[in-house]
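Take a look at this one; I'll ask things after.
Naming follows writing order (A, B, C and D), and every chain is counted from residue 1.
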Amino acid sequence: MPGDLLKISGLSRSFGGVQAVAGFDLRIGADELLCIIGPNGCGKTTLFNLISGHLRPSFGSIQFKGAEITGMAPHLVARSGIGRKFQVPSIYEDLSVSENLAVADFAEPGRKGLGGLFTSRTGNDRRLANLIGLIGLEELAGAPAGHLSHGQRQWLEIGMVLATGPDLILLDEPTAGMTRQETERTAQLVQAMNREQGVAVILIEHDMWFVETLKCAVAVMMQGQVIAKGDYDTVRELDMVKEAYLG
Amino acid sequence: MTSITRRKFLGSAAAVAGGIAASSSLSLPALASGGTIKVGAVLPFSGGLELYGNQARLGLDLAVSEINGGGGILGEKIEVLYEDNKTDPKTSVERATSLIRRDEVLALTGPITSNARDAMAPTIKRMKTPLLYATNYEGGACSREVFCFNTVPNQELEKLVPALKKEAGDSFYMFGADYVWPQKMFETAKSLVESEGGTVAGVEFTPWGVKEFAPVIRRIKESGAKVLLFALPGADGITFIKQAEDLGLLEDVTVGFLGFAETYLGAFGEGKAQNMWVAVPFAESLQTPGAQKFVQKIRAQAGSDVPVSHYVMTHYNALMAVKDALEKAGAVDKDALMDSMQGLTISTPTGPAEIGAVDHHVTMNMYLAKTEGAGLSVVEDLGSIVPEAGCS
Amino acid sequence: MSSVATIVLDASNYALILLLIALGLAIIFGLMNVINLAHGEFLMLGAYTVLSIQMAGGPFWLGLIAAPLAVGLFGLVIEEVVIRRVYHRVLDTILATWGLSLLLKQSIVLVFGPGSHSIEDPISASVMIFGAPYPAYRLFIMAISLLVVTATFLFFFKTRIGLAARGVIANRNMAACLGINTRNLDRMTFSLGAALAGLAGAVIAPLISLDPHLGLGYLVPAFLAILVGGLGSIMAPVVGAAGVGVTENLAATFLSPVYAQLIVFITAVLVIRLAPGGLLGKKRRQT
Amino acid sequence: MIRTALSHMKTESLVAGILLVVLLLLPLGASSWLLSDLSIYFSYALFAASLAFVWGHCGLLCLGQAVFFGLGAYAMSLVTLGMVPGVEGMVSTWLGFAAAIAVPALAAQLLGRFLFHAQGLQGAFFGIVTLAVAFIVERLFINWDFVGGLNGLMNVPPIVLGLNGDGYELWEAVPLYYAALFVLVLGFSVLAALMRSRWGLALKAVASHEMRTKSLGYDTAHYKTTAFSIGAAIAGLAGALFVVQFGFVSPSLIGFGLSAEVLIWVALGGRGMLVAACAGAILVRVLESNLSSVFGDTWLLLLGGLFIVSVMFLPRGLVGEAIHGLDRWRAKRRKGGSTPRGKAVERLSPSEYTAR
């Protein structure tokens, strides 16, 4: 359907006989914010790996902005406009915070090419300055990323993904291991990028409190499929969700 | 020696300029060279062919003590500076260069392998420094600077091939290391075998470092050859002979061992590797007064149980030739040495030997011998054989 | 043409020697993720242990027993002093063990000299097989190799420690969570791998000339064998050693030793590139 | 004013600058043999820099870097000896240099594509495969009679300044010294500039966390292949610089032996900084040529021991550690205390080591 940003249909992937993702269907609009919840091992991370090109699907198709991206290499998926934050914070520990962002910034489509050979390492862009403000790390710009706290690492990674200028961001458990306060801050950050920057977001989450704070649409995933979808309050009342997930 | 004065001048200029203290102190050792004639020895003391390097050293050491004991050369003492080339051509060039430049040697001796010698050739030529090469080799190293004191293929093979044919049979197999010396040896051997009416059952080469020779040994066995011409020096050669003995090859073929030195025998073990034939310019067991005296002198110096192979003698000869040549010239410099070495006849433990006036290779006595018990026993005195040096 | 029997015997002989060498390497790599470039020198230490005993007048068989013990003990020390410090830096284990190999080689040069030594054949008899004599000692080596491989299999599949070790191969962190003392397991593994190398060195000593450089000639094919075989299972080095050993031996038999080396190396590189987990390997977890 | 300018320079650049000045002035005081030795060590230093770039900066532990050094040396030799089929008349040193850069770069490009594309080889596997490649290439050159087999090619001419092998021959110690130093500085500067560019930053990112970089939209295989080729080109240039002084090339320059040696120089000097790697190469060579006859067999023992210790405890290398210490001292003296913005953080994190 035109107008869908991401359209997944019949997506399947199995590992040695185990169906991690089985006939998965999903549609996301251009400014949507969707949380996917579900028990461990229900195929959420595998789903992200399939979308971002780290895994090839056994069956099914993924369309992004109307174009088929199924089975494309990860860097091409990223260039087409899908950014991804990994579950384990993945930053460049031996580069400074601003260098981390600069690497991501330089990757934005249209800014590549050999021009990079002759430009200095850290661009002086206002864009980067805005971004570093958004993730709240202005004062740590020159510090090695390896010195950041756990929460700061998560934010830095989100900042890096944003710097590539994506249309859709996949966030894999962005608040795992965070304090309440940090979680709240993360919620604001996610909302800011969704509303102010107009980026669609799909996030995988365990922390129901975080999902509640975000007030996002929720999809429940079990055994490789979406079994229910709706807003937070509707979904939490479903028996199967209570039983399977919320306890 | 004008070059030294110039360097002295440079050194003091640096001091005046208040230049870098470290560098001028680094340059000092070069100045300490008055009154001795230095010869640089670039030899393998590690890296696979050290047994040859150590043999060469025995001969050179003896020559030094004899020359200095007899009052030196034209009043100057002689000194040999040893450098380990690790059996490697690149290291050989590095060592040769620093010996010539830093230590300002009059001449170089060594190395063992052909590739190391070839690698050093451009350096020797550019720096116009004589090279006294005393290892048997494939021939063809001909230049004003190079003098060869050991054998080339025809000297080793001319009498060995017919002797083996008579002793063991018509059919020859040739097996050696994959480089130029065995290749050239086998080329010469092939034409000798064919002109003698024999047949060549196979020619084969192996890379260094192979540890399992069973397939090759099988193939040689299957070929029905009666003689194996063998040119695989160093540890690999010992491994091959051991495995050939175990797999019963040595019962079927008689080995002609090229590049043999008595030092191998210890490594084969008691009573092993018997009846292998060689043609050499010297053997420990040679019963001439000169040879026996030479062996005695070496052993007096290096211990009673050291093997004394022809490599000891050829390196000794090389240094003794320097003495004769410089005394004949009456001057100590590189050109005088090279000029007067041409056509020089020197006396060696096995009788007189003549350095070719044009090709710089040595005509000397050769002996046919075979391994027997714990040593080589000389079968026949072959008389002196003129080298076909392969100079064009 | 050689009889088929001798060709088969020669090829399996070499493959089994390679397997004996590769086994220790594979155990250390598989269980500890340590690439031990000093394995060739462990082999050499085993051979020189036999040499020392021969020089002291002892019999070969004593050396055969002493070599794995001595090298195993040495491995224990090396694990404690060097390897322990670089566990989590895979690339640095390559460098550290390679530095170690330099050190060991040079120490042997200082103690035994750079030259060649020889071990006397402990069994000089030949056995007639299909009408051709075959050295009994080579048969003995094949037997030893099979015995050791079988023992290793039994160890990993029939004992508790073996089970724990397999747990570590499968998932190191999980195994640690389950209360397996990975520290002790590491010590044991490295020492066992070293002891196997020592045994291999002692066994092959009478076949070759002993010199400080003998390790490299075996290390490279053994390495290719375990990479070709893969790391996921204990069976893998068997397949790898058979592949590399038989290919090299047959190529040497039918072509020449020069091409044999080339063929084995190029084939191995292709296999490693195209099947990074090895022929038998499971896909390693990408983390 | 100069003082403040100096105090704001990066310590690494400062050290490089001081070393350069010392080397430029050295011919005033040093003997000609020392200069000749150093001219050759400059080619080793450039070679070490190429490995420091590929390994230290891009995280590719190449155990066969000498393949490219050797290819460069062979390319230069074949051109200046007039052995290139079809253009035997062209014996220009300059063409030789061009070939010595192009041939290894092309070889690395092909090898890199083969090794890195799609689900490419990682970390240790890459290392072992490059080791095997070094053995293969050495073997091939030993058996290739056209390039002289095991003995290699002799009598390679020195640098000739004319356009086609005619004119002034660079052979005297002092001019040769400056020429070699010039080539070293040139190659060094190219690498240093690359490392400081955004493109170099991206390479560091690939080394630090490849999956992350891929997911930002980088074609990491392409980056690695290009970096590998650039390293190869510089190694080839070093090989050419070597052969015009040494006068010969043989398979021992192309195989595992020299690859292993350069690895020691770089590890001892410091893989993280070009200047440390270069200094490591020169230092080891100078010590070896002056001490190996004194220490004899213990020299290698010493070198091996030092190598292990530096791998275990000083991952920055001996020179690298010294420069780092100096850097901290200067930072303290500048008071302020905070590290300046954009300063490369040299702390090596576990992620740089572990193969992912």
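Heads up, the rule we're going with is that a contact is a pair of C-beta atoms (placed from the backbone, for glycine too) under 8 Å apart; a residue touches a chain by one contact, two chains touch by 3 or more.
All of these numbers come straight from a predicted model, not from anything done at the bench.
Enquirer: Report the chain closest to the protein's overall CA mean, measuring from each chain's own CA mean.
Expert: Smallest centre-to-centre distance to the global C-alpha mean: chain D.
Enquirer: With centres defined by CA atoms only, which chain is the most remote from chain C?
Expert: A
Enquirer: Hey, how far is the Cα centre of chain A from the one of chain B, in Å?
Expert: 73
Enquirer: Can you give the whole-Å distance between the Cα centres of chain A and chain C?
Expert: 47
Enquirer: Roughly how far is chain B from chain C, going centre to centre by Cα mean, in whole Å?
Expert: Taking the average C-alpha coordinate of chain B and of chain C, the gap between them is 38 Å.
Enquirer: Just curious, how far off is chain D from chain C if you go by their C-alpha centres, in Å?
Expert: About 34 Å separates the centre of chain C from that of chain D.
Enquirer: Would you pick out the residues of chain B that each touch at least 2 other chains?
Expert: Residues 46, 178, 207 of chain B touch two or more partner chains.
Enquirer: Mind pulling the residue numbers of chain C that touch at least two other chains?
Expert: Residue numbers touching two or more other chains: 109, 258, 261.
Enquirer: Which chain D residues sit where two or more other chains touch them?
Expert: Residues 139, 143, 211, 297 of chain D touch two or more partner chains.
Enquirer: If I apply the definition of touch given earlier, which pairs of chains qualify?
Expert: Every touching chain pair, ordered by label, is A-D, B-C, B-D, C-D.
Enquirer: Please give the residue numbers of chain C that touch chain D in the complex, ascending.
Expert: 35, 82, 85-86, 88-92, 94-96, 98-100, 102-103, 105-107, 109-110, 220, 223-224, 227, 258, 261-262, 265-266, 268-269, 272-273, 276, 286-287
Enquirer: Where on chain A does chain D make contact in their complex?
Expert: 52, 54, 73-75, 78-79, 83-84, 86, 90-96, 98-99, 102-104, 106-109, 114, 116-123, 141-144, 146, 157, 160-161, 164
Enquirer: In the complex formed with chain C, which residues of chain B make contact?
Expert: Against chain C, the touching part of chain B is residues 45-48, 50-51, 54, 178, 204-207, 209-212, 214-216, 218-219, 221-222, 234-236, 238-239, 242-243, 246-248, 263, 266-270.
Enquirer: Touching residues of chain D toward chain B in the complex: what are they?
Expert: 22, 25-26, 28-34, 36-37, 40, 139, 142-143, 149-152, 154-156, 171, 246-248, 250, 252-253, 257-258, 289, 292-293, 297
Enquirer: Using the touch definition from the top, list the residues of chain D that touch chain A in their complex.
Expert: Touch residues, chain D against chain A: 118, 193-194, 196-202, 204-205, 208-209, 211-220, 338-343, 345-349, 351-352.
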